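Okay, got some structures for you below.
Each of the next two complexes has chain A plus one more chain, namely chain B in the first and chain C in the second.
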Partner chain A sequence: MTKNLAPIDRIGRVVLGVVAAFSLLLLVAPSLIVVAISFEPRGFIAFPPSGFSLRWYEHVFANRQLTDSVVVSLWVSLAVAGITLALGVPAAFASVRGTFAGKAAANAFLLAPQMMPGMVIGIASLFFGAYFAFRASNAMLILALSVFCLPFVIRIAMARLAGLDPRLDEASANLGAGKLETFVRVTLPQLGPALVAAAAFTFIEAFDNVTVALFTSDVRGRPLPVELYYLVQYDSTPAIAAISALEIGLSFAIMLVLARTVGLERLGR
Partner chain B sequence: MSHIALQDIAKSFGPVRVLDGCSVAVDKGTVMTLLGPSGCGKTTLLRTLAGFVEPDSGRVVVGGRDITDLPPNRRQVGYVFQSYALFPHLDVAANVAYGLRVRRVSQAETQARVRKALDLVSLSAYADRYPARLSGGQQQRVAIARALVLEPEVLLLDEPFNALDAKLRLSMQIELRKLIERVGITSIFVTHDQQEAMTLSDRVAVMRAGRIEQVGAPIDIYDRPRTAYVAAFIGRANVLPVDIRGGRVAPDPAIAAARADGAAWLVVRPENLAIENAGEGPGWHGTVAFATPQGATIEYEIAVGMAEPLRVVALRKVGEPPAAVGSPVRVRAVDPAACVVLGEGPDSV
Partner chain C sequence: MSSAPLLRRILHGRGIWPAVPALAYLFVFLALPMLTLLAFGFVTIDRGRIVADTWTLGYLEAALADDLVWRLMWRSFWVAAVSSVLTLLLAYPVAYLFAEAKGIWRTLILVAVVSPLLTSALVRAYAWIVILGGRRGLVNQTLLSLGLIEQPLRILNTDWAVLIGMTQIHLPFMILPLLAVLAERDRRLEEASLNLGASQTGTFFRVVVPMSVPAIFAGLALVFAVSYTNFIVPQLLGGGSYSTLAVQVYEQTIVVLDWTRGAVLATILLSTCFAFVLAIVAFGNRLARWNESAA
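Up next, the complex of A and B:
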């Protein structure tokens, strides 16, 4: 195939290859460096590491405060993924299938939080909570993060829903299925992969969000990103790198599970 | 009493009045065909009957029961969509089984009935294919099987055969007709193919801009079109401006007209015209503009000084050359009784 290419095309291919490789390197290198640093045996951050040790991993797992914050983060992220799915899917339905006055305005409103910096949402939630004498807490964190993540879910669900043929619902009804049965038998199976993707992305987003969490999280049961934020300020050791490496591993594991179950190429749809 | 009765259905989408007081009645166990140009409201009428479109006014009655306000899933009305609407996440067998599953029919019976339905549409070999991997014609047959497997009392088919090749189309038409007769299904069916309408239907309804223009047995409509529009829609027809004088049509007094003197329109089928030698005498005088031998027949276009040439279909004898282009001829009606005289022409709406 390459034999028949004109010289200019061949040069083009080489350039394209080099640019692609370089971009890939830029994307992946920081993660690889963080992972490398996490094996540093000494007490400060250095690259390349002077040896190999799991010392900082032990350190991380021995730190009650850190492991507690991981548990908090896991719960918070799960809750956020659940809430955004429960709210986002019906909202997406309304904004794609619904016919009501002010639909365009409602759509814009639903997707608005995406335009707003997380910090603003965090501060706004804090003030809003304060007004009702509702203190920063993990409940508030969950609410604020749900607001922050909702547009993701709505977006993904909307994109998929818009691609579904409404005739399929009619066909199902014609064959005797009620609305609920049609949803379960026809809509959901086709929405499934998109919803799994939405849940996974929301989970990851909620898990490592700092900007919103910084303002809304509980002072005692802090989630992992906030805990880390304070940790770096006082104590800059390879423990940070070890935690980062663990997070990278978690994201990787989620992607792997997704790829195996629904298939990566189906996720985008 | 008719099994299906659509009474005075009106429906507008925004400012567009798509159905305009449309009434159709179909007797039990018979096949009614809707014929009409694209956009005249055929699909909308079927969708109203299936419950997907809520009419602005009018009633839908099936089996003596008013179902106007019944949701689609509670109407026992099978529907074959113009766009197939197969479930992409289910294979062929599961698509066909869908209605049975919804009705909680036992596994064994479902399998047997699905197999029978797939046999009927010659798709048994494709039971575990997904719709994305079927040709248009195969998808169409799955859609038909999916509706038929429920043996509905009423079956609506929206151009069900348009993606099939001629041979398959004919065999499906015959199979469908047999099945409809055996099960006693009352059906309405949309087609653009008037040959299909003739083969398949007991009655034909010609639609025009949201109304029924004429209903009748296919051959009656062919023989006695009530308007020029219907005449042009069923089979081919010459619609000619003529003068009536003393109860006779002016150019060819052999044709009687039971109407007052003045301008009128004459509908005459191409096979009911014959070419005679030029010369004095009644008929239309003109010259041969086109001659196309078609095997058993020869098709002529005769320029007679009107906007449209006359179309004439003559039987052809083996070895006989068609009349030469440009030669002067006279055209007369073969059977004057088979001509139809109308007060209104093709342009009046």
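Up next, the complex of A and C:
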């Protein structure tokens, strides 16, 4: 079928292939360039780097303000992943299996944060807190980021739950297991991979997020993205490339775990 | 009352109970803050507190009468519109290729598409500063050494840099919905079209593309929304004096600390964003219906 292509088809195929190759290059090249630059031995950025050194990594690890911000970000992300799982997974159960009145409205409200830009959630939280005399703080950041990330967890859990066979639960009940036992030994194990994916995705999102964080985070003890934002705005030393490369490395490690446990194709949906 | 029946009801009932904590959380930490944001645009704010008896439509009217607001809104709009269309043109071939690809190629394409999602937008904006910036920038270095240009091009701190950055950063959002639809499509229609003598290119434009119209417009709406409200990319790649409506919202709230103005502009940003997105979705639905009636 593809052997004797009409000229227009051949041109069409070539155009399609060239554009696709360009897009794929566009997707991965910037990250690769950042990683390459981070090994620059000199004091300014250049590509390709003039040599290989880990000097900027040492610089990053010696910078107390940066390492502190990494620790803050790790705690914030863990807290956000915990809160969103605790709230989101039960909510997904009601969304998929529930048969209550007003279910459509409840589902729409549960997914509403995904229609809000991070900036709007950040500003709204800042103003709401200020109304009760709460200043921007990392506690506020955790609360606001949890709003922002909740739909990711709910959507991933909903997709998995909708694919479960309810007959397994029935079989478990028929064989004499109680409701709680069925939940713990039948339902939960099937959900496991989806929960891992949801937690990992939320963790990365919270760790990388700057749009919410700029408005809600503490002035002292800033999280990494905010620290990085001010650095990028006023400077472009290879140190930023080194931090970025570390972030990219962390994300890839998490993605590898995800690819093993759930498969990449499920992530986007 | 023992806790066992309650637990049972929560675990296996068909009721709303399991969703109540999440709904309550969103009511307190999303709905109420959004109302506060809206309200702050209509009152005088002093150190984060509403000054009593200062309710007025004046701030909103002043913003709507301000030329600058309209100019910034126009820039936000066209940058988001152009970048969404560019994203579509770049995304479609990738999604199509993915649908045709097999085995390891599929995995590689998928990794290329998903991996940028896992690196922060900040890191990618920084990458573009490195690539586009100044004489040492990658683009200028290459073009200068090839002798294609005599003087370094000024790309960073222009509309171009903002467009390039936005398009690249939002590309996965467009590819992913297309990928799902194109990979799972029913290929019998295409075979019928080819058997009836249509060319492959003709079949692509008359059968495959129309079939993916809903996904195309879902992607367009999403990319438009995230581009229209993005304030990081314009700030970092557009330079210090470059502004959009979203950048203004940030500056008024965080730099100028004029919260009333920030609230008014945020409200305008959000409501115009919703209006544009609804228009894109409505147009997409109309096109999909027109396709069906034409088929």
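Going forward, the second predicted complex is superposed on the first by the 234 of 269 C-alpha atoms of A that agree within 3 Å, B and C clash if a C-alpha of one lies under 4 Å from a C-alpha of the other, contacts with A are read in each partner's own complex, and residues count from 1 in each chain.
Assume contacts are C-beta pairs under 8 Å (C-beta built on N, C-alpha and C of every residue); 3 or more make two chains touch, one makes a residue touch a chain.
These numbers come from a predicted model, not from an experiment.
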Chain A as common anchor, with chain B and chain C clashing or fitting: fit
Partner chain in contact with A:Asp165 - chain B first, chain C second, else both or neither: first
Partner chain in contact with A:Pro189 - chain B first, chain C second, else both or neither: first
Contacts of A:Trp75 with chain B and chain C, given as first, second, both or neither: neither
Angle at the Cα centre of chain A, taken between the Cα centres of chain B and chain C once the superposition is applied, in steps of 10 degrees: 100
First, second, both or neither for A:Ala177, with chain B first and chain C second: first
Touched partner set for A:Ala94, first chain B, second chain C, both or neither: second
First, second, both or neither for A:Phe61, with chain B first and chain C second: neither
Touching partner for A:Ile37 - first (chain B), second (chain C), both, neither: second
Larger contact residue set on chain A - chain B or chain C: C
Minimum Cα separation, chain C to chain B, after superposition on A (Å): 10
Chain A - residues contacting chain B, complex: 165, 167-168, 170-178, 181, 185-186, 189-190
Residues of chain A touching chain C in the complex: 1, 5-6, 8-9, 11-13, 16-17, 19-20, 22-24, 26-28, 30-31, 33-34, 37, 44-47, 86-88, 90-91, 93-95, 97-100, 102-103, 106, 109-110, 112-113, 115-117, 119-121, 123-128, 130-131, 133, 143-144, 146-147, 150, 154, 179-180, 182-183, 204, 207-211, 214-215, 225, 228-229, 232-233, 236, 240-241, 244, 247-248, 251-252, 254-255, 264-265, 267-269
Parts of chain C lying in touch with chain A, wherever the complex brings them together: 7-8, 10-12, 14-19, 21-23, 25-26, 29-30, 32-34, 36-37, 40, 48-50, 89-91, 93-94, 96-97, 107, 109-131, 133, 136, 138, 141, 168, 171-172, 175-177, 179-180, 194, 199-201, 204, 225-226, 229, 231-232, 235-236, 246, 249-250, 253-254, 259, 262-263, 266, 269-270, 273-274
Chain A contact footprint on chain B (complex, rising order): 50-52, 71-73, 77-79, 81, 83, 85-89, 98-99, 101-103, 146-147, 150
